[in-house]
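Below: a set of structures, written as C-alpha cells.
One chain, chain A, links the two complexes that follow: it is found with chain B in the first and with chain C in the second.
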Partner chain A sequence: MKNKDTVSYIIAIILSIVFIYPLYVLILVTFEPVYLTFGRIYPFQLPIILTLSNLINSFHQVGLIVPVIRSVEVAMLVSIIAVLLSIPAGYGLQKLTSRVTNKIILLMFVVNMMPGVVVAIPISVYFIKLGLENSIFGIAFAQELVVLPLSVFIMLGGFRALPKDIENQAHVDGARLHSIFSKVLIPLVKVPILITFLIAWMTSWDEFTYAVIISPINPTFPVKLYDYVSRGEPFVASSFALLVTVPVVVLVIILQKYLKGEYLSGGLNGV
Partner chain B sequence: MKVFKNYRNYKYILFVLPALLYVFLLSFFPAASVVYLSFSSKTGFTLSNYRGIEQANLGLAIIDTLIVSVGALFIQLFFALLIANILIKSLKGNKLFSTIFIIPYGVSTVVSAFIFSLILSPIGGFANSTLVSFGLRPVNWYSSSLSELAVVMFSDFWKNTPIVALILYGGLSGIPESLNEAASVDGANSFRRFIHITLPNLAPYIAIALLIRGVSEFNIFAMPLVLIGYFPPLMNTLVYEFFSSSATESYSYAAATILLAIILGFAILIIKIGGVKKYEE
Partner chain C sequence: MEYKLELKEITKIYGEKKVLNNLNLNIVSGEFMVILGPSGEGKSTLLRSIVGIENIDSGKIMVNGEDVTNNPPNKRNIAMVFQNYALYPNMTVYKNIAFPLKMSKMPSEQIKEKVNKVSELLKITDVLDKNSTKLSGGQKQRVAIARALVREPKLFLLDEPLSNIDARTRYTSRQELKRLQKELNHTFVYVTHDQSEAANIADRVAVLHNGVIEQIGTYEEIYNKPETTWVGDFIGTYPMNFIDGSIYDYKDKKIGFRPSWVDESLNDFELEISLIEKIENNYFIHCNLGEKNIVIRSNKNYNIGEKIKVGLSKFNVYKDEKLESVIENKKEKASAD
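Presenting the complex of A and B:
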C-alpha cells in the first residue's frame, strides 16, 4: 500500500512540474532582463538578475490595454446573457420528461458542434449588414453560441438537485410563478448560477475563432496577442500576457471548489 | 387526464425556447448557408470549389486534423485518468496538487500557445536551454511536419487536460467505495478493479469528456495558428487561410463544409458507441 502511494507521489510531482513550468517561463521572461532571455540562444533560466523594466514598458503599450478592456466587456456580456437565457431553460428542461429533455440537450450540443469557422464566416456577413461587426455586441452574440449549451446543462443540473416539493409548497402558499422564481428558486440555485457565469466568462475570455473573424479591426486581447506574436514582437506582449493571466489563474484557484466535474458534465447524475 | 398532463408538461418548452432558438438561429442557419454557398456559383450548382481545395492541401489538412484530434484526445484522456486517480486517493498534499493541476484552465489558449512557442522555439527556446544545461543535445522541435503536430498536441495537452481530469474526477467520486472494497475482498487486484469497476462506471463521463473535448479538438484553431501558422495545414487554419484572401473566399465554404461533415461524423460515432445513449433510457 505504501509503495503505491510513493508511485502516486512521483507521478503527481512530475506532472506538477510540467503544469507549473510554462507559467514559470512566462514569469521569467517578464522579470528577467531581455538580454538574458530573448537575447540568448539558450535563455537563462534561474531568477538571478531581476528587473521591472519589462513590466513598466508594457504599461505604456496602449495598443494592448484597450483590447484587454474590450475582452473584459465582451466576457461580461457573454456571461450575463448566458445566465439570463439558461435559468429559464434549465428550469423548463427539468420539468419536461427526461426523454424530451435529453433530446433537447443533445440537439443543443449537436448544433454547438458546428465548427467555429463554419459558423463565424456567415455570421460575420450578417453582422456587417446589422452593423454588429467589430463591436463588442457582435463578438458577444457569437461567442454566446459556444457557451450556451453548457450553461443550460449546468442550470439543468442545478434545478434537478432541488427538492421536488419546494415549488409545490410555494404554489400551495399561493405564490405566483414570478415570485416563486425570484424569491424561492433563484436563491436556491445561486451556486449553479455562479458556475455558469464563471465558465461563460472564462470561455469568452479564451475565445479566439469568433473574435478574430467577427472583429479583426477592434480585436480582443487573444487576437491582439496573436497579432504581436505573428509580427515577431513577443517580448512586448509577454509581460502583458502575464499581467492578464495572473488574475484569472488566481480566480480559478479561489473558485476551484465550484469547478467540479459534476457541473461540467451537467445533469448526468440525475438522469 | 393523460392529455392534460402532457399539456401541463409541454408548456415548459416555452422556457427552453429562447435558448433553443438562439442556438438554432445563430448556428444552424449560418452552417446551412455555408453548405449551400459551397456548392453554388454565379451560374448555379458547381463543384469547382471542392476541386479547387482538393488541389490545395485538402487531403493533408484532413489527415493532420485527424492525427492532432485523435492523438490529443488519447493523451488528454490518459493523463486525466491518471490525475483523477491520484486526486481521488486521500494523499497528503492533494489539495496542493489539485490546485496546481487546475492552473492551465486559467491560462487562455492564445497565452498558452504563446508560452509554448517561447519554450519550444528552436533558437532561444527554454526547453533546449534546459537540455543543454543537463549536457544533452538541443532538439529542433519543428524539424518535420509530424513533430510540429506533436508541438501542437503537447501544448493542447497542457491547456486542456485539467478540464478532462475535472470531469473524470467527478465521475470517480460518484463510484461507491464499497464496490471497490467488495471486489478487493473477492481478490481482485487493482488492475482488474480498474477494468471491471472503474471503467464501466466511468464510461458515461468518458463519453461526455470525449464529446466535449473531441468537438473542440476538431475545432482546434488558435493553438496551431500561433504555434505553426498555416503549415502543416489543419482544417481550421486552412479555412481561415482561404477566408483571409478574397480570391479564395469561396474555397473556405467548401473546406468548412468538409470540416462540418468530419465533426458530425465523429459526434454520431461517440453518441452511438459511448455511454450517452445508455443514459437516455
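Presenting the complex of A and C:
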C-alpha cells in the first residue's frame, strides 16, 4: 500500500515537472538578463541574476496592447456564440437515440480532423466577399469551427446527466417551453455552460491559424506575438506573454472546482 | 364534481412492438384504480399517455366526454408523481411545491397559503426550507405528492411511487396514501407490479398484459375468478393451479383452483408431496399430480414423498384459456350425483 502511494507521488511529480517546465522557462527568460539566456553554460536552469528590464521594455511596446484587447473581444464573442448555440444543440441531440447522436457528434468533428489551413483559405475567400475579413466577427465565426463541436459535446453531456423525467415533470406541472428552460433546465446545466464558456474562451485565446489567415491586418495577440518572435524580439514577446497569461491562469484556478471530468465524458453515455 | 376519464382503443407502438394494443379503460371520480402488471408491459407508458407526455399512435382520450387526445400536458389538469419523484434539484422543497402554482400565475400570497396547507397535510412543514436533494426517500415521496396535490388536479397519477422506499416505510406510506385519497376524495390511478400493494389499496384493479386490460374488478374478484389462465397464474402469492379437466368430467378443459380451495376430506385424486413450506400457521405443500406441479394449503404437516388423497371444495373451469364457469360447493354436487 505504502509503496503504491510512493509510486503515485513520483509519477505525479514527474508529470507536474513536464507540464510546468515550459512555464518555468518562460518566467526565466522574462526575468533574466538577455545575455544569460543566450550564454547559458550551467546544466541546471537556476536563475543567477534577476532583472525587470525585459518587463519594462515590453511595457513600452504599445503595439502589443491593441492585439490583446482584440483577442479578448474575439474570445468573448466566440464563447458567447458557443454557449448560445450549444445549449439548444445539446438539448436537441440529447432527445435523439444515442446511436444517431453519436454519429452527428462524429460528423461535427470532421472539420477538426482536417488541417486548419485547408479549411481557412476557402473560408477567407468567402469572408472577403462578405466583408468579414480583418474583423473580430470574421475571426470569431471561423474559430467557432474549432470550438463548437467540443462545446456541443460538453452541453450534450450536461443535458444527459440531468435526472430523468425532470423535464416531463415540468411539463406536467404546467410549464411552457420557455419556463422549462429558464426555471428548470438552464439552472441545472450552469456548470456545463461555465465549462463550455471557459474552454471556448481559452481555445480562442491562443488560436492562430484561422486568425492569421482571416485577419492578417488587424492581428490578434498570438499572431502579433509571432510577428515579434519572427522579427527577432523574443524577449519582449515572452515577457509580454507572461503578463497576459497570469490573468488566464488565475481565472482557471478560481473556476477549477467546476472543471470536473464527468461533463467531458457524459456525452458518451450509451455508446 | 364529477369526473370521468375514458381511454378508447389506445395503441402505442415502439418500433415493432405494440406496447398498448387497442386498450380500453374507464376511470370514474373518487376511485382508487390500480393498474397492475409485470414489469415492461407498458404500465408507465399508459400513464404517460394519459398525462400527455407521450403521444399515442391511435385511439382517443376523453375527459368528461371531451376529446383531450391532442392537448399538451399543461392543458389537461392531471398531476403525476414519477417513479423517481423528479424533484427539481435546484430548488428548495417550498419552491418545488410552489412551482406548478407559479406556472399558473397565482399571486404569491395565495401560493404561500396553499403550500403551507398541503405541507401540513403531508407533515413536511419542517423541511420546507431544505434543498430537495437533501431529503430521505420517504420525504422525497411526500414532497412529490404534495407538489401534485397542491394544484388540486382532477386526476392524480402515480407511477410506482413506493418502489424506492424501504419495506417498513412502504407499508405505512401505502395506508397513508389510501387515507389521503379517501379524505380528499380525489381520483387516483396508481401503477405497480406489486400485488400486495394492489390488494391493499385498490378500489378496483386493472390487470395489464400484452398491451390490453385483461381483467378489471376488485382484487377479490380477480383473485377468485381470474378471467384468463394468465391472470390466474399472475395473481396470488402462489399462482393458480391448473390441472386437466378430465378429473371432474370436463373433457378438453382446464380446472383452476387456489391452494386454499383444496378439501382434504374428499378423495377425488391422489397427490405425491415433493416440498413443504411453512408460512405463519399454514403449510404450503408442493405436490406432483402426474407431471404437473401444484401447490395446496393445509394446516396439517405431511412428510415428503407421502401420497395423499384430496378433492376440491370449489374450482373454475377454463376453456381455451378463458373462464367458462365457476363451480362452488363441489361437495353438494358430488353427493347429488
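Here, the second predicted complex is superposed on the first by the 245 of 271 C-alpha atoms of A that agree within 3 Å, B and C clash if a C-alpha of one lies under 4 Å from a C-alpha of the other, contacts with A are read in each partner's own complex, and residues count from 1 in each chain.
As a convention for this text, contacts are C-beta pairs under 8 Å (C-beta built on N, C-alpha and C of every residue); 3 or more make two chains touch, one makes a residue touch a chain.
Remember, it's a predicted structure, so these values are computed and weren't measured experimentally.
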Per the contact definition in the header, classify A:N112: touching chain B only (first), chain C only (second), both, or neither. first
Does the superposition put A:I69 against chain B (first), chain C (second), both, or neither? neither
By the touch definition at the top of the document, which applies to A:L50: first (chain B), second (chain C), both, or neither? neither
Report for A:Y126: first if it touches chain B alone, second if chain C alone, otherwise both or neither. first
Which partner chains sit in contact with A:I14 here, chain B, chain C, both or neither? Use first/second/both/neither. neither
Chain A: partner with more touched residues, chain B or chain C: B
Just which bits of chain A does chain B share with chain C as contact spots? none
For the complex, give me every residue of chain A touching chain B. 4-5, 8-9, 11-12, 15-16, 18-23, 25-26, 28-29, 37-38, 40-45, 85-86, 88-89, 91-93, 95-100, 102, 104, 106-119, 121-123, 126, 141-142, 144-145, 148-150, 152, 202, 205-206, 208-209, 212-213, 221-223, 225-226, 229-230, 234, 237-238, 241, 244-245, 248-253, 256, 259-266, 268-269, 271
Which positions of chain B touch chain A when the two form their complex? 9-10, 12-16, 18-20, 22-24, 26-31, 33-34, 37, 79, 82-83, 86, 89, 91, 93, 97-112, 114-119, 123-126, 128-130, 132-133, 138, 158, 163, 166-171, 173-174, 190, 204-205, 208-209, 211-212, 215, 218-219, 221-222, 225-226, 229, 235-236, 239-240, 243, 252-253, 256-257, 259-260, 263-264, 267, 271, 276, 279-280
Hey, which residues of chain C end up touching chain A in the complex? 48, 51-53, 72-74, 78-80, 82-84, 86, 88-90, 99-100, 103-104, 147, 151
Chain C partner contacts - residues on chain A that touch it in the complex: 163-166, 168-176, 179, 183-184, 187-188
